[in-house]
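To start, the structure itself, in structure tokens.
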Amino acid sequence: MDWELVLGIGRFLLATTLILLLTVPTAFVIIQMEMKIIAQLALRIGPNRIGPRGMFQSTIHGFKVLAKEDTVPDQADRSTFTLAPWMVYMAAAMSMIVIPFAPGAIAADFSIGIVYFFAVLGLSVVGLLVAGWASYNKYSLLGGLRSAAQMVSYEIPLTLSVVGVIVLAGTLSFSEVIAWQLEHGWLLIWQPLGVAIFYVASLAEINRTPFDMVEADSELVAGPFTEYSGMRFGFFFFAEYVALFIMSGILISLFFGGWLAPWPFPAQLEGFAGTLYGIVWFFLKTYLFVAVAVWLRGTLPRVRVDQLMGMAWKVLLPLALVNLFITAIAVVVFNL
Amino acid sequence: MAFPGAGIAKGMAQTFRNFFAPKVTRQYPEERPQMPERWRGRLDLIYDPFGEHKCEVCFQCAQVCPVEAIDMSGFDTQGNRIRYGMPEIYDERRDPNAYRRAGQPARPMRNPARWDESVDTPWVDETVDAFGGRPEALVAIFRAVEERYGYLPERALRRISDRMTIHWAQVFGAAGLGGFRLLPVAGHVVTVCDCAACRFAGGPSLLDAIRDELGIEVGEETADGGITLEVGSDVGAGASSPAIRIDTLVYGPLDPEKARHLVSERRAAAARVAEGTPA
Amino acid sequence: MASTISPQIRILPGGEHRLLTEIGRVDPGSLASFREAGGYGGLERAVTRLAPEEVILEIEGAGLRGRGGSGFPTAEKWRVARDTPADRKIIVANLMGADPSALGDRALAEGNPHLIVEGLLIAAYAAGASEAIVAVRRDWTDAIARLRRATADATDAHLAGYLVLGTDTSIQLSVWEGSGAYVAGEETALISALSGDRGMPLIRPPFPATRGLHGVPTLVQNAETLAHVAWILSHSSEAFASVGTEASRGTKLVTVMGRVNEPGLVEVPLGTSIGAIVDLAGGPGGSAKAAFVGGPGGGALTAAEFGTPYDYESLEAAGALIGSGALLVVDGATCMVDSARFFADFSAREACGKAVPCRIGTRRLVEALDRILAATPRPNDVTLLRELSRKIADTALCRLERIAPGPILTTLDRFSDEYRAHAERGECLAGACQAPGGSPLLEPLAGLE
Amino acid sequence: MTTVDPETRIPDPIELDEAEEARLRAAAGLGPTPREGGEYAGFESVGIPDRPPQTEREREVYTLNEGEMLINLGPQHPSTHGVMRLVVKVRGEVIVDIDPVLGYLHRGIEKLCENATYTTVLTYVDPMDYLSAMHNEHAPAIAFEKLYGIKAPPRAEYIRALVVELNRVFSHGLMMGFLALDMGGLTPILYSFINRDEVVDMLSAISGQRMLFNFFRIGGVNWDTNDEFLSRLGTWRSHVLDNLLMNERMITDNEIFTKRTKGMGVLTGDEAISLGVTGPNLRASGVPFDVRKAHPYSIYHELEFDVITQQSGDSYARYLQRIAEIKQSIHLIDQIIDKMPHGPVQAQVPGIIRPKPGRAYGAVESPRGLYSVYAISDGGPNPYRFRMRDPSFISLQALPKIMPGRLLADTMAVMASFDPVMGGVDK
């Protein structure tokens, strides 16, 4: 018997289970952050009744969602209607597999991690489109179509902005990108334009304000989620926040040194201590960017759908190409 | 727009500042809002001069209220319990009042003798209104009434309570502590100062002299009704102690002889006025 | 223009005149006359050039303490009021003249009402209050009329009301009368009187600074304190602090009365000895035996203690207090037991009736003193006086109640021989009372040393 | 208890199962129950009235061409400013036509008023345009005073002007927040409400109520100012501009906001006049018409102010117009306080007013435009006819004119820039 293979399978199952288990508390933490930070920005106190300083408000929301009735519209396409939340949620959870939390704490350290990530992330658009179609509701349909247009468009600048990183680091593996950054400094310095494009495009990719066209509560009520209730809605909701976490995690992995400490000492600890140290830094940085996204949501109005598409094709895509071009030339000329 | 993104940055800076600014949320059950003095959300029934609610429990208000905000219950003139809405919301009206209105006095009136006091109620209303019906003005209103009648007639107090919708007990209590006269006095009022300054500068000897001169004790009036003798610590004699006050004028410093002279003169003047022979 | 104030208020020359300088010189009914004398300069400076915190710092630098008797640092009180979060705050100038024989507040109100109004406005600005109320004792009709006039003039001249002097500050000013009761001078009693209730003190907490008139944070300040505030802002905190002791700075209005040659109102730096104050009033008429310092709740000091400086700490250490600013000198022909009974009786008569220890306790004190005066004391009467006094002070609802037993306790300590003579021999050492004589006690009186 | 013959009893539709329904319909000579067929069936049927079109306009709106569909925005929708229904005909996301459907908040206020005495009418008009209750009371007060032939004392007029200007400030302030909210900005509305709460606390200090003030009386106002009101006014005045600035920083220069408002929903001056649009919406199109200046009522002839206008007539101009008017109102409040005379605040009027037969018209400049009242008296204690012109109703008519060709996403943003209040539209 190939013990290596069995061990590998066992390790994979354990890691994926852990990842799945991690998604729920992650969503709880981010929802709590969102409620609290937006409240503070608006001169409110925010939730403060459940638990110390209102810490368990989002948890209670989660249980409430579980307990609510799960309704299906009369004329909805029942099977796809049921499937859609699952697809969206799995897309988010699957892309979490390649997130490098710390040295040795990656569920699956693929050599083509970056490609895998973008491939899986693109799946969520299918879920949203299906949800919009199956709901038998005009708002849902419009929302689903918007999501398809928006996410497909923004995947292009998003991916192109990362190609610069790939060219520089010469790898498609997240851990190797981070290793490269340990050697050469954060990619933020090498790819300032790439960071900007990636950040804007990632916000649009996960439907965050100011690009939350898909939900757009003042126009489309709740977009594809209009007809959903109970835990099905909960899945969409969780997936949204998990996606925010993933995007922030990928952003810091690619451009902000991932699990690396912001100053070089101690550059990298060995063994279990190094893992713990990496996890601490990873979460600190990730949640910092989550907080920035929440801050943006608390401040900005939403852009219009045509302006959004225009920005993807007329601004971000050319910029990303220019960025790639410059990077490529620099790599060739300076032989990096 | 100077620089693309400058406007967004301005807004971001604003929210960032507000993140650390003091918050405006009121934590309701713990922090009660402070209601304005004129708050109309709380209903208060007006009292009649007998100290009972003026409400007749006729339900007219409850029936016409467009949003059905009024409930009440009570007793009718036959003593039957009647109800319109939840009983615990409104003070139940007591049956004596209903009987009295039905022409059957169910219990004696309070202080029937005082009921005859002639008080110019429209004038009292005007005085109350002149001060805007504010609770702060209660003492000022009392002073105006006392200036006119020489004391605070109970009927005027009832009227003030009615007009200002302040409970009778509250009005009476405030009047009782302010050093106001609640009973009518006859003739001139001679008040011998009893403050610390006068007392230690010979106030008691003045009192003895005046008592002797008038032949009455403190709190009494002379047989001819010309003068009432009182002792008070609110004369405010200050540096002219010992002093006495006749009506509103303060005389001092006095020695017993002067005081005797002053009082007898005033008494004689009062007698002349009573006889109709001007001085 | 000496006739501008009531003839009962005699202002004596000498001492350090600050608040009293303008009285008699300015026309109390005229804003122009007050402004000519430099009035409202302090307000103008505070509102247009200083931040509220700077005003408080200036008052703190001057070391001003409340002249209403408690001696609480004014700046600290303001800061508490300022830091209390509320969208509406009220400040009240206390002119209730609790002690009817003290003249300071009345002299200011009648002779220079604008000074009080100016101080009140500055205090309102510093404490962040948007409403300012002048509460005046109802007997002082002249003072009421003049203050009404002064507030109306100030509002018309944009010194108060909406957008003071064109700045962003708005302070609504009004004058209300309060009942002429002794207890009404107490701050919570003043607040309940202003809210149309019987003027009785309220239980603290909540303190008025957090929940006062109409449920709004309320700051009650004595009129003399406010006048000092105006003086500090128009002169300087250094000038204010140039006289007085280390802990008690500035001047104080003292009403000297009783057996002195020239009873009246003097203004002296805090820390002046009591003997010197008595000398300003023409010296004691005859031989001074003692002085009651601090009005009805004050304490008795013997003539030997006349060197005591007149300031908060020294007087408190001696068992007396500044209180209402009254200083009553008595001579050898005054019976101290009878005097103590007089003050106790005053407190008993003026008790509002809310707190039982005050309403019943002071009555019992008077009864015990009556028994001693009648030479028919119970053996434990002196012990009763001491213990009951302590209990009244301990369970007091208001400050006036807490200090009420002061005269009894101090005379018990300092003139125990007179008590002994009255109680045991029925004899008045001062020869003032008509002592019953005879019938010596079977057992000695406990509690007297 | 009466018994019902099961044969003749007409069952409730909900009780019918399909077979029985078919049997009954056959018995009644009706065809089979119409069932929607095809994948898009539901989309076409929803929103179309199940009756032949009554007017040419209705036929135009409810006839669908290839690729078009109807969407109901409202009456239950997060951002319709109350319960309003817009039937929007769209091609993709591009609007082809709009049909505002009204009446979901109709309470029959005019009829209620015709059955109330003149004095009590003033209590019924409050919930009309609930964001400007003071203005709602002002117009009938003016009309009834003309009808009855009395005048309010000068101080009352000043107090009236003061409270209506305060009302205008918070109403315009809320518009800023709602406009941002309808574009997805969560925070500005809360800043607006901070300001509104302060003003409302102030107005409740003078009137005793927070929202429906019921403060005006025929021949005066209910109460004089008190210290609580004035002190709150002063406190508020000291920082109102800072509060306003907080929102301005969030909105005015924000690129996303300007992109979505500049050039959007352009209403030219001529169009606005021909539609009858008034108030800030008209002035934003460059027409200097302000009732306070054109037909001065109350004490506005004694106050100094200019009619503010904007030129472009788009959503952004309407937004800027509101901000400018807030500042103008604050300036007016300063003047009013400065000039306010002393005296009584209520003229002598009997409890029940019976004006001589006649008619009167009272118009005020409300935050939403010309709000006016026309009352006819037949000599009785109630108005014989009581008619109100609500400006939001007129403003909404501009929507079908300016929205076609725009995107669905802009419907709400443009509607919010007109600042309609459904309580007033539906009466």
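Each chain gets a letter, A, B, C and D, in the order it is written, and its residues are counted from 1.
Keep this in mind: a contact is a pair of C-beta atoms (placed from the backbone, for glycine too) under 8 Å apart; a residue touches a chain by one contact, two chains touch by 3 or more.
If you're wondering where the values come from, they're calculated on a predicted model, not measured in any experiment.
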{"item": "Minimum number of chain-to-chain contact steps, subunit A to subunit C", "value": "2"}
{"item": "Contact-richer chain pair [B-C vs B-D]", "value": "B-C"}
{"item": "Geometric centre distance via CA averages, subunit C-subunit B, whole Å", "value": "26"}
{"item": "Distance between chain centroids, defined by C-alpha means - subunit B, subunit D (Å)", "value": "47"}
{"item": "Averaged-CA centre spacing for the pair subunit B and subunit A, given as whole angstrom", "value": "72"}
{"item": "Chain centre separation (subunit A, subunit D; CA means) in Å", "value": "43"}
{"item": "Sequence positions of subunit C contacting 2 or more other chains", "value": "88, 133, 174, 214"}
{"item": "Touching two or more other chains - residue numbers and ranges from subunit B", "value": "8, 11, 14-15, 18, 22, 24, 37, 134"}
{"item": "Contacts with two or more other chains, residues of subunit D listed in rising order", "value": "187, 194, 201, 228, 250, 254, 256-257"}
{"item": "Complex contact set, residues of subunit D against subunit B", "value": "112, 124, 187, 194, 201, 204-209, 223-224, 226, 228, 246, 249-258"}
{"item": "In the complex with subunit B, residue positions of subunit C that touch it", "value": "6-10, 85-86, 88, 97, 99-101, 103, 106, 133, 138-140, 174, 176-181, 183-184, 193-200, 214-216, 255, 257-259, 263-265, 292, 295-296, 326, 328, 330, 334, 339, 342-343, 346, 349-350, 352"}
{"item": "Residue numbers on subunit B that touch subunit D, as the complex places them", "value": "1, 4-8, 10-11, 13-15, 18, 24, 36-41, 66, 132, 134"}
{"item": "Complex interface listing, subunit A residues touching subunit D", "value": "38, 41-44, 75, 136, 138-139, 142, 146, 209-210, 212, 216-219, 221, 297-307"}
{"item": "Residues on subunit C engaged by subunit D in the complex (per definition of touch)", "value": "87-88, 130-131, 133, 161-163, 168-172, 174, 214"}
